């Protein structure tokens, strides 16, 4: 199982690298929304390899085709089937004799075989990055609704590559969350700005250049390097998240750690925040401004909460529930497992030997991961939004309470 | 919603701090297992406040009572109801006049009110730590099965408090995962050893003392501090985790970020691993030893995979699926929001003022979080185990394949 | 598994006849609703045995106690735990030597043992009618919401016992659905009227008397007899039901066939309707009256659809979705398996012999099943209502469409 | 929502009559099973219209194409995507001016519009029979597993059309279940025999002819008629079904009532059984024969329970759990709503008028429903089988109990 994400906006994906097509079914998309392939393709293209010298040179095209659930460009409220053909897979790169002998180190070859007792012969099967196509397609639909209904903006960017950080941890700021400069970025960054910093997608000229150079170095020595992506969600209504088990940070963490190659997640002050005293860390309440910082105006549908917080170490989430402030979190991506260097390892039959990988591979997945992180964030938020809309709608039909805090 | 965790071993909890009782229903516990309150109480007691000078002095007792699902100490396969009475809640500490006026900074008062439009008058309601009782009770049942069926061991310990680390990140080891000393700890640490380092539960004399001192300092200045808990799961069968969306690290992250006060999760090399080259980070395969390091013998039911890895930067999980090596991960806990210091903040009615908290509170939740982390880990693992057992059982009735990698 | 019902208003039950208590957790109850035990107890009492000479003489009391999820009589939106103690179980009636030897014919003894590999020693365990307590408690909460929010009325009654029918099938009306007298009953019957026809709960003096007499005859010869319960749901909004798999009739059927001793379900014209020509069976549309027949006024929140149907062979559901007309369906209950007569059967060890049942037992469960059918209907409807409210709320935030039927 | 069926073998369908394709994703198919389109196509073809003079003359072809989840004809354990193109939809039949004005009586036009606030312009949209394609494709995969693993046979046939019954209810046998001739049929009928009775698929020469003639009469007068399908499942292991809410009959009822045009479900003795005394209705236990009646031998994997029942009024299910005897149930299909006759009804705008339907339509859906009923039965059974296999596997790792009925 495990191919379905979400309870209210439910995405089920299918497909692996070797097969006819990849795709997904989205169930629960609100009816009556304008939707066509043109709403989905941009994120598909941002996700696509081959966008620069530092990503893999495959040109997969990845044209999405809506199968159902819309008529004349309007969603019907029925399941939306989507499909992207597989092509140009160059099976010979994979499936060669060496590859048949060795489970690739830190890849999923071995564990897939242990789990299923059978394994696709070529490439990464279901663990391949190609599986993320369905997520990005579904995420684009979710984003369209969130933007139309609330003006919600979801923007991810590269926050570090190797030991090069956009905001390096320091003694003063063990977490960037306490740094006002960082909060300003969180409040203002947009997707257009991020993409103006291609290929690395780090929205800072100098850091981006250093990251690019670092990636090139690793590429040149046939090695790889990891990094982090930070994602910001703005204009979220308050009240999102379903405690106790489906707190907003819990479902975000779930979503992010389901992306291939991820090893960590932190929200708000995160790991660095453990070093900050509670008296500094606590986000005091203030009266909310009419329009949030960094924005010109508000979507008509966004009813802002009356209070907001002076600081935002919480990352927009308190007690597992959004408070209306920007939500931001960071995801750790490990160095890609496929490297050109020879590796001493062991065959399926327990014989030690040397594996030399062929095939195309990214020295760093972080820049390409940006739209995938955004897609998964959109899937989490729309699910939480639909759950909370449902609660509010159910409640609205009951007689009003005299007091919101009951008393005897 | 959000009160249910797990698909195969499903826990539904109820209860908040002010009400009659807290508890849970466990559905899906295998039938025919010996089970009594004595199997559950120890972890309840380890979770309990009041174990030392540095934890909150409440004595809640927390006696668990099995309501159903067993007869004469044997599980029937039917739902197991469990209940723990609430008592000694000292409502006057909460529910006082000041508390009624102010949403406490970085607490859930404000967001619960925004979400539900109504709020329990006293204490933290469902966001209170008391909610974790049901988790710990259910986790103890899960653990018993995992131990009996596979010899699985789950051990958590305090890895840092504030800026005091058991294994501080360094230039050589930006992640402890690459440090052989750390791996040795991961392979050997047991719960008894951890509890011999009370009150902090950091299994290292000197670091533990420094952490204790740090917590005392924060307590004395009516402030609070965060920290991290590392958890190890050993003797897990390979094949656990349900890609693409329910990878093992994804469900672990979900579980951990659902614990109150958590802000981050990392598995294996985690965030530090982003700085390690792929050529170092990749875990080469080796033939597995008959008995894993740090153990005397193996549970009869554990069929070890034939291969294991030389290093363990993956943290026991590759492609979202366990590989049989120890699984380890770290969880970040923020400084507790309840502090004795006066805080300038805003009332529900948007008036700025000063809040002075009464009530008992931990200066650092990390030591008490240890059994909660273990419980949630047990719930994730049993769910994954039951899913994988189901797959293997289903498959075992099919004719054997000629080759595990199909060919034309 | 199988102890949870519903996706939006989710009930999880626990408990069997021998254990400490039975109960449930309700997750998803809208916050801000007035709720106390007094709202729940009446249906508990209607379900209770011992209400007349023709039901079992046990006096179980069945006092429900709310554990959580409310404060000062207001729901908080958090899980509502409920508990009813077990008492007066007279274990000696069950658990005797004969009972230990024989699986009772048409009981669940044998299948529970086959399924779980272990069996409660006394009584019916989880298959006992006592398990329905949690359902009735949860159903009462659901009903309260449905009544307050929409004025929805749910009324069940005995439609047949053995071969005595309230509306016997005839050549003219192979299904009662085509009989205008029947539709009038469906539009007007209320719970008070039903209970004025105790003990049988058939709202027709003469038929009820004949049914009562029939039951007495079966009781006197230590035999048992089955019957049917019809249930009506009025004032339902249109749009309920989630095709394709969770059509309203599908979830109603699921709910009803989950009640112990049920063998059939039919909605609208049902089985008899198979004999009616389409030209007669089709429900032509008419303009809806301002107030539905049989009612004085409308709940403020009920927005009636503009159209309704002249006839109602559909039973209020078309294409799996409610159309606003009364929903009605009938459930078949088999004769109770526990009879006083000696039965030739086989022991667990395959030896033929004679089983003579001790213990108290109903000669006919139909009258007691009435509140259980109502409870399960309420659980289905609230789940469908919350799903549809969610859809409508999600949609309401999108720009209005030019046309509801899209064109090129 | 509502587009997903099953918890362990999970089918998600998409598609409506007007769109590009219809299809589904199957998640949870056991890995390592031989599977190709050839395993699926036969049931697709049996479901297809145009098989005789009494079914609709469309030739839809309905070639299924596997998108993913297999390699070289072996299942990988990953999601299986399947797609069938839509073609030859003759939109002009639908979508005409009259159709745009009127919601068709007893169709889903009106309720879909009420539910979604938007409606596909042509044909039945998601409520069209075309939606069942995904079910039949998924069911064929389920069936293959059940046959290979257990030798399970699923056979449905037409049991009545209008008032012509294969086994008419009588005073002696108010339910066919008590008729030994009927039980013999249940134990022996196979799919090949059923299809030798085309076009009606009633396995009795004379009754079949009478049903055929009746359908022709209704066709000739541009009217329609309903009927019932009985389905038998043989060689099921005991222990299937998940009380309390997911009893086997409950999930079967759910599945069947989700098929378009169904109005009723009964299992075993069903509605007629309500008239049978308990002393007759109870199924006494007997020692099970080595090979079940009507079979030559047993699948190697079927471990037969030691006991079976002398009679089978229970329909193979007791306490919601299969007992190993044949499971049989009957489903009621209403007369198709689309008829050629003119109908007085009301437009969307509340104006009375006369609707004359164009387009192709079946006078009776029952014969075509046979493979759909089989498919849904297969989906229910595989889900129950996988759940029970999981339980048994989990249990098998625990120490053996001294007694299966615990004692003090």
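As written, the chain order gives the labels A, B, C and D, with residue 1 at the start of each chain.
To be clear about the criterion, contacts are C-beta pairs under 8 Å (C-beta built on N, C-alpha and C of every residue); 3 or more make two chains touch, one makes a residue touch a chain.
Nothing here was measured: the structure is a model prediction, and the numbers come from that model.
Shared contact partners of subunit A and subunit B, listed by label: C, D. Ranking A-C and A-D by contacting C-beta pairs places A-D first.
The mean-CA centres of subunit A and subunit D are about 40 angstrom from one another, to the nearest whole unit. Averaging C-alpha coordinates per chain places the centre of subunit C 24 Å away from that of subunit D. Mean C-alpha position of subunit A lies 45 Å from that of subunit C.
Among the residues of subunit D, those in touch with two or more other chains are 1-4, 7-8, 13, 31-32, 71-72, 74, 77, 115-121, 126, 387, 391-392, 395, 401, 406-407.
Residue ranges of subunit A in contact with subunit B, taken from their complex: 1-5, 7, 13, 100, 102-103, 105-108, 110-121, 124, 126-127, 131, 160-163, 174, 218, 223-228, 238-247, 249-258, 260, 262-271, 273-279, 281-287, 305-307, 309, 313-315, 317-324, 332-337, 339, 341, 343-346, 348, 350, 352, 387-388, 391-392, 395, 401, 404-407.
Across the interface of their complex, subunit B is touched by residues 7-8, 30-33, 71-74, 77, 145, 148-150, 301, 385-387, 389-395, 397-399, 401, 406-408 of subunit D. By the touch criterion stated above, subunit D contacts subunit A in their complex at residues 1-4, 8, 10, 12-16, 18-25, 27-28, 31-32, 65-72, 74-81, 83, 115-121, 125-126.
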